[in-house]
Amino acid sequence: MARKIMFKDAINEAMRLEMERDESVFLIGLDVAGGAGTATLDKERDSWGGVLGVSKGLYPLFPDRVIDAPISESAYIGAAVGASACGMRAIGELMFSDFMGVCFDQLYNQAAKFRYMFGGTAVTPVTIRTMIGAGFSAAAQHSQSPYSMFAHVPGLKCIIPSNPYDAKGLLAASIQDDDPCVFFEHKALYTMKGEVPEEHYVIPLGKANVVREGNDVTIVALGRMVQFAEKAAKKLAKDGIECTIIDPRTISPMDWDAIYSSVEKTGRLVVVDESYDVCGVASDVVGHVTQDVFGALKAAPQMVTAPFVPTPFAANLEAAYLPDPAKIEAAVRKTIQAKCAATVA
Amino acid sequence: MKTQLSKEDLLKAYRKMREIREFEDRLHKEFATGTVPGFVHLYSGEEAVATGVCEHLNDLDRIASTHRGHGHCIAKGVDIMGMMAEIYGKKTGTCGGKGGSMHIADLDKGMLGANGIVGAGPPLIAGAALASKLRKDGSVGVVFFGDGASNQGTNFESMNMAVTLDLPMIFVLENNGYAESTSPNYSAKVGTGNIADRARGFGMPAVTVDGNDFFAVYEAAGEAIERARKGGGPTYIECKTMRYFGHFEGDAQTYRPKNEVKEARVNDCPLNRFVAAVTSEGLVDAAELEAIDKDVLALVEKSVQEAKAAPQPDLADLMTGVYVSY
Amino acid sequence: MARKIMFKDAINEAMRLEMERDESVFLIGLDVAGGAGTATLDKERDSWGGVLGVSKGLYPLFPDRVIDAPISESAYIGAAVGASACGMRAIGELMFSDFMGVCFDQLYNQAAKFRYMFGGTAVTPVTIRTMIGAGFSAAAQHSQSPYSMFAHVPGLKCIIPSNPYDAKGLLAASIQDDDPCVFFEHKALYTMKGEVPEEHYVIPLGKANVVREGNDVTIVALGRMVQFAEKAAKKLAKDGIECTIIDPRTISPMDWDAIYSSVEKTGRLVVVDESYDVCGVASDVVGHVTQDVFGALKAAPQMVTAPFVPTPFAANLEAAYLPDPAKIEAAVRKTIQAKCAATVA
Amino acid sequence: MKTQLSKEDLLKAYRKMREIREFEDRLHKEFATGTVPGFVHLYSGEEAVATGVCEHLNDLDRIASTHRGHGHCIAKGVDIMGMMAEIYGKKTGTCGGKGGSMHIADLDKGMLGANGIVGAGPPLIAGAALASKLRKDGSVGVVFFGDGASNQGTNFESMNMAVTLDLPMIFVLENNGYAESTSPNYSAKVGTGNIADRARGFGMPAVTVDGNDFFAVYEAAGEAIERARKGGGPTYIECKTMRYFGHFEGDAQTYRPKNEVKEARVNDCPLNRFVAAVTSEGLVDAAELEAIDKDVLALVEKSVQEAKAAPQPDLADLMTGVYVSY
């Protein structure tokens, strides 16, 4: 059996392998080495290796290419973009995706638009790694999953891994990809263990993973929600309800082929996203499925998302806020029970 | 300066500093037991800054705070019982349990919130100061921020705008030597080591003071606040201080010299220094200070007990307080 | 007949009336007076009155309350937020909505979340006015309509007026509203003329306007797209196809009642939005309609949006990029021709 | 300094300045006829800045520009025919007609783009400079920005980061006295009137020079660029200059003193001053400069004729060039 490692170590390994393979890869972020300017940071030893230790050990290996930045997100994320437009492959770490608001311009007006504005000449292979997700009593400004705002921007690619294997392969692909990629890491997955080969591999961007196959309902689930969907699907299977679970892995580009062909088989759709339904991925998937494969739908698709409120701090409220297997199960049952009332025109 | 403070003032200031220390030290202990949720950043060691500044302020004056906000809250008069309950995520908390440590606010007390976003405070307080200016109510706005935050664009922009619009605003830099694990020697290489130098470049008076000396902070803040109240515009005050715990609770602090905190606690503790100063000059009796210590200990003890015993928020609260209408 | 004035003058009038009625209202932005620091700006005379002259004439009336800011959007938009949390009602002008990326934090993490994070105690009656829209050869960084990113944020309200009458009433309502409002002004509408009463009035936020009623298809159209939808509807009516046109006027909160009840009548839906379909308002409307009134749908709903590319500069490309009456007409016809292939489960 | 420049160099510099002036003055006329689409911001009057800096640069050195970008493009060697076609939105334009005036870029020439976002350039050039530093290729990054842009948080952050990371980067502030209609006397009240003061506060060498004097700019830039190439870190250069036209074409310029431009054109024109300097010292013959003028006139004329005649982009181009794959 293959080696099992944690999600965060898979990310660390992907960065290490890419930095070994390609001298133009570097990492810049807050405390990504850690201890800069203190007595303890020497070239043999980093201190923090990132706020949750994800880049631990990389600084001693690549002391010039693991760069601590001042708390100036616009400057250092912008520098990652600028360096990448000049032949490097920067990995910029935006600690929490919640902080996008202080540096979004450099991503959505600069990195994303260079190629188009410049008539197809620019190549900006920057990768932004950033944390998402609730569940840690981290409250409204450290628990968000604002990826649908990034997905709304043509020119960016958005990647959301759901397990250690995918994290390694998708991050490698993102770093190697010639377009700006934003890589969303769910903090609750960091300690998730899974089989991860030691060697280098990539998982192509834009290809969904069919996690489970079943003929009754298609569940599209993102990031951490994939686990929850699996739990719900197991429970439902006991009652003879068989679900297909699709993990899109990238939401931009979205693998519509995989989703459409599954819905064409099942006729039923549940989308699970821990972010908001309003102008979010959930309504996006339901909207596009409905426009493009309406004829296949046997029942009203359902969205299982966070309610439209900021993330609350108190543990009981936060638990109520998040989607969970029970809510997914209920949504699936709703699609099964519903009779299609659509009348033929 | 010391002698300009009445005995009552001195005792009040001491009580605030002791409340902060006790509150934070207790949270440190409680966190270790695993009962405190979320990210918790403690202010122990920096008490003289919040207190030295806020002793000049009233409820109409506004402050904005940071992720390390408990000290500012206490200094600005936020209720300790409510704060502790909030940190425990309880219905009886200052924010009904919905904010937690990083979002404690009390608008009636002029406390515009701790903040999870580094550098978010300066624009907000520029707004508070602009409101004061438009209303001509003589109030001031004070923003607290760290050495790390001093590099955030919002901070620089607000410095410039405060000068441009002549705002009654005070920038209080808490230079505690670290932003998470990063030193300002690295991230703010101003040459002299005094980050306040930058403020002068923006055309604003700026000073650097010993942030562990309550009286030094009190004096610098008093001057700045008086100038601001009289329409004299913004001031930047850099306070050199130290945090006694990790960046957040759970931080192994591998980036720190082993004895840094131990030595500071002995030689440079703002509370000890205050006690020494006021007792040596005979301004206050040691016994009076000890009585305060006892009081505060009991208060914090009570706050923890009540917080632990308090109910969680109602589940219905999840969907309320988003807009004025729901 | 009532007086006819331009859209931008309606906005100017709404600001003037609110500033007259309420001393706590003030305007801050770039060049909103104009000429600050130059010899020409005195208290009797502004210079620019905003980059397109929308606030012209307000500075002489309210010299203390029309405030030019340095080009520091985070600082002055944040100051509008902070002042509003301290009892004022600021109007912050973010010149082009494209610039959101340099100041988004102060809106989405601060203004939007104060009330919830602070346990329902904060009131932040700030209004942000900002320009949207393509059609001026202004290229990729001055033509965007990023309102769906704002609509994704609980705690913000998003207003998109489509004509001078609505602009005045909705802006008055926004300024008076106790929640943070973002008011999106389409630059191509500034010179549109329409009947606007001189007196003060408000149009309630959250209420859609049914612009036209018809039984065959429901068209939901935003901002400038409302005119295009009307043109298409007139053309279709000649062929006996009768459209209902709904102008939501606010996209957060969205008036779902109005949309759902119309779709329940017509069974057909076309959403027209000059922004992107991906995680945008178009897929949001289709997604929610499908989830909530699936049984009423007689055909696949259609989205008419910009293609998923940055706004091009060249006039011919920009014209091809934008939705237009012909595209709307085609989408409506598609919903009419389509036979519902949905099979009953 | 003048004498350090060969005659060839002087003629080259003059040609650039003349190209910029002619290009912009012609666009001003063409715009008035209504044939030029979009927002157009002209650089006439500021020629000595772009040219004085870029004469030190080669194609490996990167620059980032602003909404007022034509001058920087020309100075950095971007093809004038392609630029004019781009501004007319034609298929033959530098960006195939998809960018227009505000987004002209030529990466092969080290020109990272004009930019529609005020203050977007500094972080990008910090990145370019970081790339140079990592590659150790001796190249530098130069960011041009205005007095208005000097107040943007991105700019301040980048100044600090350039110091922190010791980047081979030069900040070139084009202080032309206005940001749209707003004066830096209002928006950047640094006290001395020299915005460059701020840079020193960040720990960086900074100078203020006469931006209408090619030689002053050339000298200051030369020193800064040489220092940067040798690993000496960033420099800030403030160039005091003036724009001869409105903020954008169509601006009635109500905020400007009536004769400001008229007088400047006579007394302080960077081209006239250059001509006077080099001819009075006999370094160059007036006739040689006039020959250049004629050449340039013909070139710009040709660029306009060809731009007007060129085809629009193909409609299929709408959907290409978003990602590397399409």
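Order as written gives the chain letters A, B, C and D; numbering starts at 1 within each chain.
To be clear about the criterion, contacts are C-beta pairs under 8 Å (C-beta built on N, C-alpha and C of every residue); 3 or more make two chains touch, one makes a residue touch a chain.
Since the model is a prediction, treat every value here as computed from it, not as a measurement.
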item: Relative to chain D, chain with the most remote C-alpha centre; value: B
item: Interface with the most contact pairs, given as the two chains involved; value: A-C
item: Centre distance in Å when chain C and chain D are each reduced to the mean of their C-alpha atoms; value: 36
item: Intercentroid distance (Cα basis), chain C paired with chain A, Å; value: 30
item: Chain B and chain D: spacing of chain centres that average the CA atoms, whole Å; value: 45
item: Junction residues of chain B, two or more chains touched; value: 95, 97-99, 103, 115-117, 151-154, 157, 160-161, 164, 186-188, 322
item: Chain C residues counted as touching two or more neighbouring chains; value: 69-70, 72, 74-75, 98-99, 101-102, 105-106, 109, 116-117, 139-141, 154-155, 308-310, 312-313
item: Of all residues in chain B, those that touch chain C in their complex; value: 62, 64, 93-99, 103, 105-107, 112-113, 115-117, 120, 122-128, 130-132, 134-135, 141, 153-154, 157-158, 160-161, 164-165, 320-325
item: Of chain D, residues touching chain B in the complex; value: 151-154, 156-157, 160-161, 163-164, 186-191, 197-203
item: List of chain A residues in touch with chain D within their complex; value: 26, 28, 64-65, 67, 69-70, 72, 74-88, 90, 105-106, 109-110, 114-123, 154-155, 157, 177-179
item: Complex contact set, residues of chain C against chain A; value: 74, 98-109, 112-113, 116-117, 139-141, 146, 148-149, 151-152, 154-155, 252, 254, 267, 275-288, 290-292, 294-303, 308-310, 312-313, 336, 338-345
item: In the complex, chain B residues that touch chain A; value: 37-39, 89-90, 95, 97-100, 102-103, 115-119, 148-149, 151-154, 178-188, 254-257, 312-313, 315, 317-319, 322
